[in-house]
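After this come two complexes, each holding chain A, first together with chain B and then together with chain C.
On to the complex of A and B.
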């Protein structure tokens, strides 16, 4: 999850998010250099004593300020398109989970092998135990096996919602009557938090998402327990 | 709460041993108090570039600063033109920063690729060790042939 007053991205928990972080650093350095250049030019313009009232054109500088931005845009666009297509790859998922948005909770269904489903409500602030995160914890987490490709089918029961987990680099709109598909692999075990990202009513801010990535054996134990209790 | 004959809401025991795993390995998360103690605010150039946390940023900026000073000083010593020396110094900063940045990033990218190959190899070694698919198994001429 984000730490207080955090402005940047959360640590990546999936390969796609790692790529997004690297692309962001690359683009930010370009933006920083352009900003520095503009700042320097402004200071130079303001402090110079030279004036030229009769300048009409200059082929050299016009070539430079046409070609240079074009090269910069290509330098940004190529990695961007690469990641765009990388995010659309679906590599034979091991598990398919349906995430349904409701007002105001998420429900998850694991129906590949058995019928397993549960609702995930936010833990109210007054019910939190010490160490839990306010407005982020849920009573039931979406547990997945680590290092396994997971497909998530996102939809909604009533109004628009959006299933988002920043550290996995995922955001997918939940549209009533439509199935949206996304896929991810968690590269490390852990607990990853997200929040509904489409305005959906009074409690839009109070329907978080918690994804827990555990080793396969733990996942099998968890799912067996869930099915036994059914 | 949604209910159906096929899908049933299930209550999970909070102290179930299989769920204790999440308490030990939180990945990127931590208890609220631990985060505040360990975090220090990064230094952001122009308010946007966090040179402490962005890989290669610190080295690129330092190399750029050094290149800028060197280029500007050399030009000034050669021509004694102050204003133009600043311009040359700035150009040196841009070129040195860019060069250092991309050199470091390319090396990091190569390291990441090697890391992934090694991780994949380690994972495959665990899976395939002792089987016919183990790439480290040398074929034994005296061994009987495998099943057809």
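On to the complex of A and C.
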């Protein structure tokens, strides 16, 4: 999850997010390269009285400042397309969960085997227990088996929402009347937090998402208990 | 006695010939520095983390700390 004075991304908890982290590092390195070059040139240009008012053209510099950016763009595009296609691979999910956005909570439906569905409301600040995170905790979490490919079908009941979990590298818009699909796999067990990412009204900031990844046997026990309680 | 004629042409070009190589060198140095202080350590950190990662041990530690909703600590 996020922590105070954080500058970069949250720690990756899925292979796709790890790839995105490394790609971001690669692209930021290129950004620093270009920024350093441009800043140095700007300082050199403003600290001189020398000018050449009679330059008309220069084939050499035109070739350089066309080819160099083209090469840089290719250096960015190739890893980018690699990750794009990686994210789109057929992944044969073990479980499909429907995440429906409402004003102002999420509801999750596990309908592969039985009919399990529940709502997930934010825990109000005054009801938090010590150790819980303000504006991030929910009364019911989306529990999934760790290390298993999961498909999430995202939609909405009323207005636009967006289902996002940064540490898993997921963000998918919840559009009323539309089913959007995303898939992920968690590399390690744990609890992963996210927040609604599309403005949806007064309590848009107060409908968080919590994904809990546990070993399969505990997931099965949990889903049996949830079915009994329903 | 007359002074030697000062250089009156190509001053900007001379300045560019001096500064542009420095600019490119600094830019590439910044990129290499970022690569070896941020990019490579991050890749290594993730590789090292998962090399020794014991998911069962970590899960049990988190379980005993009581952070999961779906599975309570073994004492409860």
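Just so it is clear, the second predicted complex is superposed on the first by the 225 of 230 C-alpha atoms of A that agree within 3 Å, B and C clash if a C-alpha of one lies under 4 Å from a C-alpha of the other, contacts with A are read in each partner's own complex, and residues count from 1 in each chain.
Here is the rule we use: contacts are C-beta pairs under 8 Å (C-beta built on N, C-alpha and C of every residue); 3 or more make two chains touch, one makes a residue touch a chain.
What you see is a predicted model; the values in this text were computed from it and never measured.
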Contacts of A:193 with chain B and chain C, given as first, second, both or neither: first
First (chain B), second (chain C), both or neither touched by A:184: neither
Partner chain(s) touched by A:163 [first = chain B, second = chain C, both, neither]: neither
Larger contact residue set on chain A - chain B or chain C: B
Touched partner set for A:44, first chain B, second chain C, both or neither: both
A:116 touches, of chain B and chain C: first, second, both or neither? first
Partner chain(s) touched by A:102 [first = chain B, second = chain C, both, neither]: first
Residues of chain A contacting chain B in one complex and chain C in the other: 22, 25-26, 28-29, 32-33, 36-37, 40, 44, 48, 131, 140-141, 188-191, 212, 214-215, 218, 221-222
Partner chain B, residues of chain A touching it in the complex: 1, 3-4, 8, 10-11, 13, 22, 25-26, 28-29, 31-33, 35-37, 39-40, 44, 48, 102, 107, 109, 115-119, 131, 133, 140-141, 157, 167, 188-193, 212-215, 218, 221-222, 225-226, 229-230
Interfacial residue positions of chain B with respect to chain A in the complex: 1-2, 6-12, 16, 18-19, 21-22, 25-29, 31-32, 35-36, 39, 45-46, 48-50, 53-57, 60, 83, 86-87, 90, 93-94, 97-98, 101, 105, 109
Chain A partner contacts - residues on chain C that touch it in the complex: 11-13, 15, 19-20, 22-24, 26-28, 30-31, 34-35, 38-39, 42-43, 46, 50, 53, 55-56, 58-59, 62, 66-71
Chain A to chain C touching residues, read off their complex: 12, 18, 21-22, 25-26, 28-30, 32-34, 36-37, 40-41, 44, 48, 50-52, 131, 140-141, 143, 146-147, 187-191, 212, 214-215, 218-219, 221-222
